[in-house]
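Below you'll find a set of structures to go through.
Here come two complexes built around chain A, the first alongside chain B, the second alongside chain C.
Then we have the complex of A and B:
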């Protein structure tokens, strides 16, 4: 279980990127969501001790300031391309030794990790000659070495095609069963495939932390569409939030969140898409309280 | 723990080339052939091409090997990745630097000793041909060994420092190679005794342990290495002053 309490981080002379971030993640696959610049990568770097922040972090009760903490966590950066001119087996050995795996067990650990991600046959291949999908598998193998309690991945599917993405997530699900995995992404499809839990960051603050099921259902029965003709006076929407608007010819369609009781008669209930939920927790288009 | 195998695999081709180069230099008559002269103030003067091979050309090998060995560790994504492990800067930079220094300095010092014993033999031959310079003092082999060891360590320190600034290996190597190219041209005439490669294209004082260029290299290298050891893996070096300057200027503009 990862516990993050009151984490604040700012780069030099800048506004804080993370503002008093607190959440708890239980075992399972969690997605860290947020727009570009919302502080996702910074938070991952704080969790992996690459950056030192205010506040406290712990994994299964072990504090981030203790030496043991780093051995509990595996980090897979966005582009894993360390020592591209070396063979995969040498890269895995290198990571195993960095993780302080006993020298006599290094070869065994490397073979074990390679077998789990199905790269046993290409261990003698140079890393730079591998396909994008193979490189991701090597990355997962490095994360598997040392049997970590928690795995942190920074946008691991950025730039890969849907087929490889699905294969990648299948491997993640198989390899990290029962572990705490935190994956940052802004690809909404990824969440639907894999998420057990979701953490949403907006402007350096946590706007949602909980199960994906609750996240997915959070706008059920509260999302409406209101149509308005261009140029007409705005529809008063006291207590509601406009998530998005789309102009279609002379009509503008608004997606509005609010309780059914306070919606105008023209409001039509609609099923929320993941984008709506995303916008809702990101702060939406605006919260002016009127459409039109 | 740092896997030394990774370093060996990264540099073995270049290191082998370096050893072959030293071996070839030892067999080159041109490298040890020396002429001698008495200066007007009565000091002995020896002229040869030894430092062209032992410092100038060696620098190219040393810089390449250092960049190949440390280049990955200085790239920002890799540096960050390494920080996610329980491994200290001492292990990532210092111990590896010591290992690299020893593995370069031992064969190089041996080659310097052999080459300068040949230089001494060449001086004797020269004096036999031109007896007006007789008796001419032999060179103390420890002096060129000291010069070359200091210079070699400086090349490593300079490469590491440039990689610290640029956070990648290619630009430092290109910059140093460009500097080397200029050294073969006008720079050695401009800086004379203070030139980094004094002795390669211009005369060197083989009778002093610390001629001007070796002295400034000796003074500068602990500073460069100190900065590398202190600031490795920290975002504050040079980035931060630059950021502060940009913020200061943008605020003034506002």
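Then we have the complex of A and C:
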């Protein structure tokens, strides 16, 4: 279990990137969502203690300031451009050595990790000769070494095609069963394939932390569509939030969140898409009371 | 250790390193072919003269360091290795990998030493000297390149290799002259340059590789300078001023100027030939030296114990002893007396001199003699393995204007072969004795041969000079009289010829002393 309490971080003397961030993540695969610049990578670097922040972090009760903490985490950065001239077996060996795996167990650990991600046959290939998908697998293998309790991945599927992405998540599901995995992404399809939990970050603050099921259902029965003609006076809405609007010919369609009781008669209930939920937790448009 | 192993693996897996090796070897071969090997005196002098190869190595090593500094640290990052360690170990691994180029001079020395038949001692000195010199070059260029590559990730930083190679080579004198005056300029230029000192000077062929105090001082200076760059790199990596790094930074900044000052202070001084070697005013006032005896230990800092028997003259007794030699004790007839030391002169007041026909002056003194001529050749000096103490140079007390013959009897301890105008008997210590009006001592990789009744002294390892031809050629030129400073025809056949000496202000003319010649062979008449 990862516990983050009151984490604040700022680069040099700039505005804080993370503002008093607190959440708790139980075991399972969690997604860290947020727009570009929302502070996702910074939060991941704070969790992995690459960056030192104000506040406290712990994994299974072990504080981030202890030496043991780092041995509990594996980190897969966004750009996994590891030394291209090295053979995969050497990369894995050095990862094991640097993670302070007992020297006598290094080869065993490397073979075990390679077997789990199915790269045993290409261990003697140099990294630069691997396909994109293979490189991702090597990344997962490095994360597997050292038997971590928590795995942190920064946008691991950025730039890979859907087929490879599905295969990648399948591997993650298989390899990190029962572990705490935190993956940052802004690809919404990823969440539906894999997420157990979701952490939503907006402008350096956590706007949602909980199960994906609750996240997915959080707008059920509360999302409506209101149509109005272009140029007509707006429909007054009190206690509602407009998530988005779309102009279609002479008609503007608004997607509005609010309780059914306060909606005007013209409001039609609709099924929320993941984008609606995203917009809702990102703050959507400013809290407005009118549409049109 | 793990980070070093990783970085060594990364560096040795990179084609860039092998290109670096290839370029160094190619440049070396280029200079080897371009320089006429028949004119190369010995392999030490050949390696010493590879100034432009050293500049090329500096540029290549700098670029190599920039390349590896700009490579990412993803593997280390995912293992949470501290950034400072990542930088330092990569820099260190790079130094280890690139230092393999030292095999080039090493292999050349081994092959040349077999071909030239040089002795082990000579070869060991050469190996120490050139390995340290090439390592110094790599240390500075790579730590500097690494720092620059860490600070800036763009490709333009490679261009900085050019200005830095100028600063750290003999080319620096072309801009240092804007800041320093003549004598300091040469010393500071040589301090910053990672090449041989006084690069434009003529190499002395009997000294072997110059493993001396100046070289040792330069090595220490380079090491501390490198440490300073490393500390700055740590600060860059940590992005803050940690207490320990600030202490290290301050220590380096304090030590460097001190070392620099020491280097400048021991740097060979320029001398005036008239003052040190040739014409001097007559200061004898009737005093004449009858004999010398004592012990001499020749080294970088030499020690002398000398008892001089002097025939009484009138007034104060003025002895000349070179200013670089400090007097520890001076006695007259066994008792300590008051005297005045001013520059090269020791003045013993008349009232201290006993009323005797002759009396003895005992002196204990020592110091480091290092003088260079105006062509930047160090030709009066003493080092651990070789010394050049020419005739009339006051390494023993002399009386200016006293040209009489004296008896000499010295025990001389030195680390190499010794020759003199007097009779030299080898043993545990050399005994140098005889009667002459001058006295010279040379120590180094020297040998002698005899032809037509003349003893020739020469450098042991000189494959380029035909000494007999040079001697014959010298006979066709005017000779130089060191007392009158006039040129004249060589009238009598000398007993000994010292062909070990390069320029010392007489433009290559043979200098004739009583029964021997100092011959500046190899210089155009």
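As a convention for this text, the second predicted complex is superposed on the first by the 292 of 292 C-alpha atoms of A that agree within 3 Å, B and C clash if a C-alpha of one lies under 4 Å from a C-alpha of the other, contacts with A are read in each partner's own complex, and residues count from 1 in each chain.
Assume a residue touches a chain if its C-beta (ideal position, glycine included) is under 8 Å from a C-beta of that chain, and two chains touch if they have at least 3 such contacts.
The structure displayed is predicted, hence computed values, not measured ones.
A.B. asks: Clash or fit: what happens to chain B and chain C when chain A is overlaid?
C.D. replies: clash
A.B. asks: Once the shared chain is lined up, is A:114 touching chain B (first), chain C (second), both, or neither of them?
C.D. replies: neither
A.B. asks: Taking the superposition as given, does A:67 touch the first partner, chain B, the second, chain C, both, or neither?
C.D. replies: First partner only.
A.B. asks: By the touch definition at the top of the document, which applies to A:99: first (chain B), second (chain C), both, or neither?
C.D. replies: both
A.B. asks: Thinking of the overlay built on chain A, is A:242 touched by chain B (first), by chain C (second), by both, or by neither?
C.D. replies: So A:242 meets neither chain B nor chain C here.
A.B. asks: Touch test for A:4: chain B only (first), chain C only (second), both, or neither?
C.D. replies: Neither partner.
A.B. asks: Which one hits chain B, of these parts of chain C: 294-302, 366-374, 402-410 or 474-482?
C.D. replies: 366-374
A.B. asks: Using the superposition on chain A as set up above, list the residues of chain A that contact both chain B and chain C.
C.D. replies: 48-50, 70, 73, 75, 77, 79-83, 85-86, 90, 94, 97-99
A.B. asks: With touch defined as at the start, can you tell me which chain B residues reach chain A in the complex?
C.D. replies: 1-3, 5-6, 9-10, 72, 77-78, 80-87, 235-236, 240, 243-244, 247
A.B. asks: Under the stated contact criterion, what part of chain A meets chain C in this complex?
C.D. replies: 48-50, 70, 73-77, 79-83, 85-86, 90-91, 94-95, 97-99, 142-143
A.B. asks: Would you tell me which residues of chain A are touching chain B in their complex?
C.D. replies: 11-13, 45, 48-50, 67, 70-71, 73, 75, 77-83, 85-86, 90, 93-94, 97-100
A.B. asks: Provide the residue numbers of chain C that touch chain A in the complex, in ascending order.
C.D. replies: Within the complex, chain C touches chain A at residues 2-3, 5-6, 9-10, 13-15, 71-72, 74-81.
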